[in-house]
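One structure below.
In this document, chain identifiers A, B and C correspond to the written order of the chains, with residue numbering beginning at 1 in each.
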Amino acid sequence: MSEILFLAAEAPQYKFGFVVDQPNAVSACLFYLCMGILVWVGVSRARAGLPLPEIKRIPGLEAFDEAVGRATEMGRPVHMTNYDEGIGYEDTFAYWSYMAYVAKLCAQYDTRLIVTDSSYLCNAVHQDIVRQAYLEAGRPDAFNPDDIRYISGTQFAWAMNINGIIAREKPAAQFLIGYFYAEALLIAEAGALIESIQVAATIATTQIPFFIATCDYVMIGEEMYAGAAWLSRDPIITGSVVSQDIFRIVIFVAVILGALLETFAPGHNFIKTFCNF
Amino acid sequence: MREFLERFSEINPRIIYLVMACALIIPVLQPIGLPIVVDEETTKPVFDWIENSKPGEIVFFDVSYGGGSNAELSPQLEAWFYHCMQKGLKAVGVAQWETGAMIAGDLLKKVAAAAEADGYSAEYGVDWVFIGYKSMIWREMREDLWKTCGNTDFYGNNFEDLPLMQKVRQWTAETSKAFIIFEAGSPGVGTYLVNWADCDIYVGCVAVNVAGNQSILRSRQIKGLLAGLGGAAQYEKLLGRPGDATSLMDAQGLGHAVIIVLIVLGNISYILKKKNG
Amino acid sequence: MKREVPYILMLIMIVLRFAFEWIGPLDAWVLADGMKVRSLISWAMTWMGFGAFGLGIVNFTRVHYGNIRHRREHWMFSAYTIVLAWAYGIYGVIKGNNDPLFSTIFRVVSEPLDATMFSLLAFFIASAAYRAFRVKNLESTVMMVVAFLVMVANVPFGEMIWSSQSWLGGFSGIRTWILATPTAAVSRAISIGAFLGGVANTWRVVLGIERRHLAH
C-alpha cells in the first residue's frame, strides 16, 4: 500500500479536515444537497398523491394544440428541433416531454412530424419517443423513422439543412425547444417567412430576443421546464418543478438579504461569507 | 406618400434584403470614415491591461470561435496580439474550439510577421507560442501544462525546443496573472470562471453575447470586454493601427441605420393602417 | 440488466467525479509515478469522449450509407458527404493539421461557408426587426424603444447626434445603463432559473426518477 500511496511533504489545509480548500466548495455542496432533498420531497409527495401547487398556465403551452391542429388542416407537417442537445443535458430532458406530447398529438391527428437532431445519441432516443407515442395513439403504421433525422453536429451545417427542410417541406408549425446559438434566428426567421406558427422555449438568454421577434409564442428560462412538467402531466416532474420554485424563493431571499447587508453592514455579510466558504 | 407609407408594411422581404446588402457592401468598397468612440467601461480596460504590462510578462489567450464568428473576433485577436508584440509581452495561446485553433494557427503567423516588419520582436517560441486545441483537462492544465498538452504545440514543435515554454510549466496566477478569451459561445468563458477564478479574465466576444456577459462584467468576474466588431475597431483606434474592423464599422453603422429606418417606417405604416381601420 | 447497468455506471462516474473534485485527500492522491489519480479519471473521461466521437463517426457513416444503399431522395449528397468526410479526416490524421492542403481546404471551404451562414443573420434580423418591432402594445413598444436606443448607441451616428460627453453620457451612456442594470439583472435571473432547473433535473436522473434516456 505504501508503494502506491504516499503523502505530500506538507499537508494542505482542508476545510473540516477533508474538503478541498477552494471557494464555494462547502456552500455549493450544501446547495446541491438541499436541492436533492427538495426534489426527493417533492417527488415523494407527488407519488403519495399529496397535493402540490399547480403550475400556472403559460400561453405558449396552449399553442401546441392550436399549432398542430393548424398543420393538420393545412395538410403540412410539423417540425420540431433542438440544437444544443445531449443525453446529459437538462434542457434535452425537458425537450423530450415536449416531443412526447407533440408526437402524440400528431399521431392522433395523423399529421406528419419531422424531428431534426444535431446529436446522433439523442436521435436514437427521439426515434423511441416518437415511435412510442405513435404506438400509444394506436397508429404504429404511421410512424416514419426517416422523419426523425440526424442532421449534423456542426452549427451552420445543421441550420442550412433545417432551412432546406423548411423551404421544401413548408411545415405549418415549428417547435424550437431547447438551447440555441446563432442558428436560432436563421431557422426561426425562415419559419416566419413561410408563415408557420412557431413556439419557442429556451434558456439561452442570448437568443430570447430573436425568438421574441420571430416566434408567435416564447417560453423563457424556467417556463421551459414548467412547460415540460405541465405537458407531461406527470406529477413526479411537477413535484421537482415545485422544488425548484421553493429553492428559487430561498435564493431570492438570500440575494435581497445579501444586497442589503453588503450595502449597510458590509463587515457582517454572513450570506457572502457562507457563499464563499 | 401616405399611400406608400401605408403599404410599406406589406413590403416584400427581398427588397429589405437588397437594401441591406447595398448598405453593407457599398461602405466596404467606398469607406465613409465614420467616427469610432472608445467605450471606457468595456474596451479601455482590455487595452490598458496590455498597455500597462511590463515587457517580458507572460499572457495567455484562448481562441474559442469558428468560421462564423471569424469576421468579428479575428480583428480583435489581431489587434490584441499585435499590441502584445508591440509591448514585448510573451503570449501563449490555447483553443477550446478546434476551428479556433485552425483559424488562429494561420492568423497569428500573419500578425507576427506584420509586427516583425514594423520592427517589433515576434519570434515564434521566444515571444509567442500557440498550443492549439488540446486535451482541455483544465485543472490538470493548471498544474502541469506540458503533460496535459502532450508536450507539443499546434505546429508540432516539442515544448522542449521552445524557450518560452520553459517558463510556462503551469498555468497559474503566478505564471500569468491575466488572460483573454475570444469566445463565440460554448465552451467559452465559463471554463475559466470556474477553473481560473484567481486570475484576471478579459473577454472578447461576438456582439450577440455582450448582453449575456454584462452580468459577469458588472460583478467583476471579468475585467474587460471587447464587444464584437465595434470592440475590435475601438481597440484598433486605441492602438493607432486601423485594420479590418475599422473599415468594416462603416458597413455595420450603415446596416444599423437601415434597420432603424425600417423600424420607423414600419411603425408609421402600422399606425396609419390602424387609424384607417 | 440492460436498464440497470447504464444507471449503475452513471452513478459510479458521478460519485468518482464528485469525490475526487471535492474531497481533499482524494484530490491530492498521487501515484508512485507522480500521476494524480484525479488526472487519470479526467483522462479517462477525455478518452470516453473520444470513444463517443468514434461512435458518432460510425453512426454518421451508417446513416448516409443507408441513404445510398436504398437510393433515398438526394442519396448523391450522402455519397459526397461520406467520401469527403472520410477523405479529409484520414488525410488530416496522416498529415496533421498543419499540412498546407489540409489547412487550405479548411480556410477555403469551411470558413467561408460558416461565415456565409452567419452573415445571413444580418438580413434576417433586418426583416425580423422590421416585422416585430411594432407599437402593438406596451411590452412591444418598450422593447422597440430599448432596441432603438441600443442600436443608435452602437453606431457612429449616435455619437454624432448626442455625444457621450454631454448630458447623461449621450446614447452611449443610456446604452451602458441598459446593459449594466436591467439586462444584467434579467440575464442573471434567467440563468439562476435555468441552473435550478438543471440541478433539479440532475437529481431526477441521479435518483432514478428520470429514465427516458435509458429508453424506458
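Operating definition for what follows: a contact is a pair of C-beta atoms (placed from the backbone, for glycine too) under 8 Å apart; a residue touches a chain by one contact, two chains touch by 3 or more.
Since the structure is predicted, the reported quantities are computational estimates derived from the model, not experimental observations.
Participant: Given which chains touch which, is the overall layout a line, a ring, a star, complete, or other?
Facilitator: Graph shape, chains as nodes and touching pairs as edges: complete.
Participant: Pick the pair with more C-beta contacts: A-C or A-B?
Facilitator: Between A-B and A-C, contacts are more numerous in A-C.
Participant: Select the chain whose centre, defined as the mean of its C-alpha atoms, is least distant from the mean of all protein C-alpha atoms.
Facilitator: C
Participant: Farthest from subunit C in C-alpha centre terms, which chain would that be?
Facilitator: Max centre-to-centre separation from subunit C belongs to B.
Participant: With centres defined as the mean C-alpha position, give me the subunit A-subunit C separation in Å.
Facilitator: The answer is 14 Å.
Participant: Where the CA atoms of subunit A average out and where those of subunit B average out, how many Å apart are those spots?
Facilitator: 30
Participant: Using the touch definition from the top, which residues of subunit B touch two or more other chains?
Facilitator: Those would be 13, 66, 68, 211-212.
Participant: Where in subunit A do residues touch two or more other chains at once?
Facilitator: In subunit A, the residues touching two or more other chains are 155-156, 182, 193, 205.
Participant: Which subunit C residues reach two or more other chains?
Facilitator: Answer for subunit C, listing residues that touch two or more other chains: 113-114, 117-118, 125, 127, 129, 131, 133, 147, 187, 191.
Participant: Under the stated contact criterion, what part of subunit A meets subunit C in this complex?
Facilitator: Touch list, subunit A to subunit C: 3-6, 8, 12, 14-15, 18-21, 25, 29, 32, 35-36, 39-40, 43, 87-88, 90-91, 93-94, 96, 120-121, 123-125, 128-129, 146, 150, 153, 155-156, 159-160, 182-183, 185-186, 188-190, 192-193, 203, 205, 208-210, 212-214, 220-222, 224-225, 236-237, 240-241, 243-244, 247-248, 251.
Participant: Which part of subunit C faces subunit B closely enough to touch in the complex?
Facilitator: By the definition above, subunit C touches subunit B via 36, 38-39, 42-43, 46, 96-98, 103, 106-107, 110-115, 117-119, 122-123, 125-127, 129-131, 133-136, 144, 147-148, 151-152, 154-157, 159-160, 164, 172, 176, 179-180, 183-185, 187-188, 191.
Participant: Any idea which subunit B residues touch subunit C in the complex?
Facilitator: Subunit B residues touching subunit C: 13, 16-17, 20-21, 24, 34-37, 39, 41, 66-71, 99, 101-103, 105-106, 132, 135-137, 139-140, 143, 154-156, 210-212, 214-215, 217-218, 230, 249, 252-253, 255-260, 262-263, 266-267, 270-271.
Participant: Where on subunit A does subunit B make contact in their complex?
Facilitator: It comes out as residues 23, 84, 155-156, 181-182, 193, 205-206.
Participant: Okay, in this complex, where on subunit C does subunit A touch?
Facilitator: On the subunit C side, the touching residues are 21-25, 27-32, 52, 55-56, 59-60, 63, 72, 113-114, 117-118, 120-121, 124-125, 127-129, 131-133, 143, 147, 186-187, 189-194, 196-207, 209-210, 212-213, 215.
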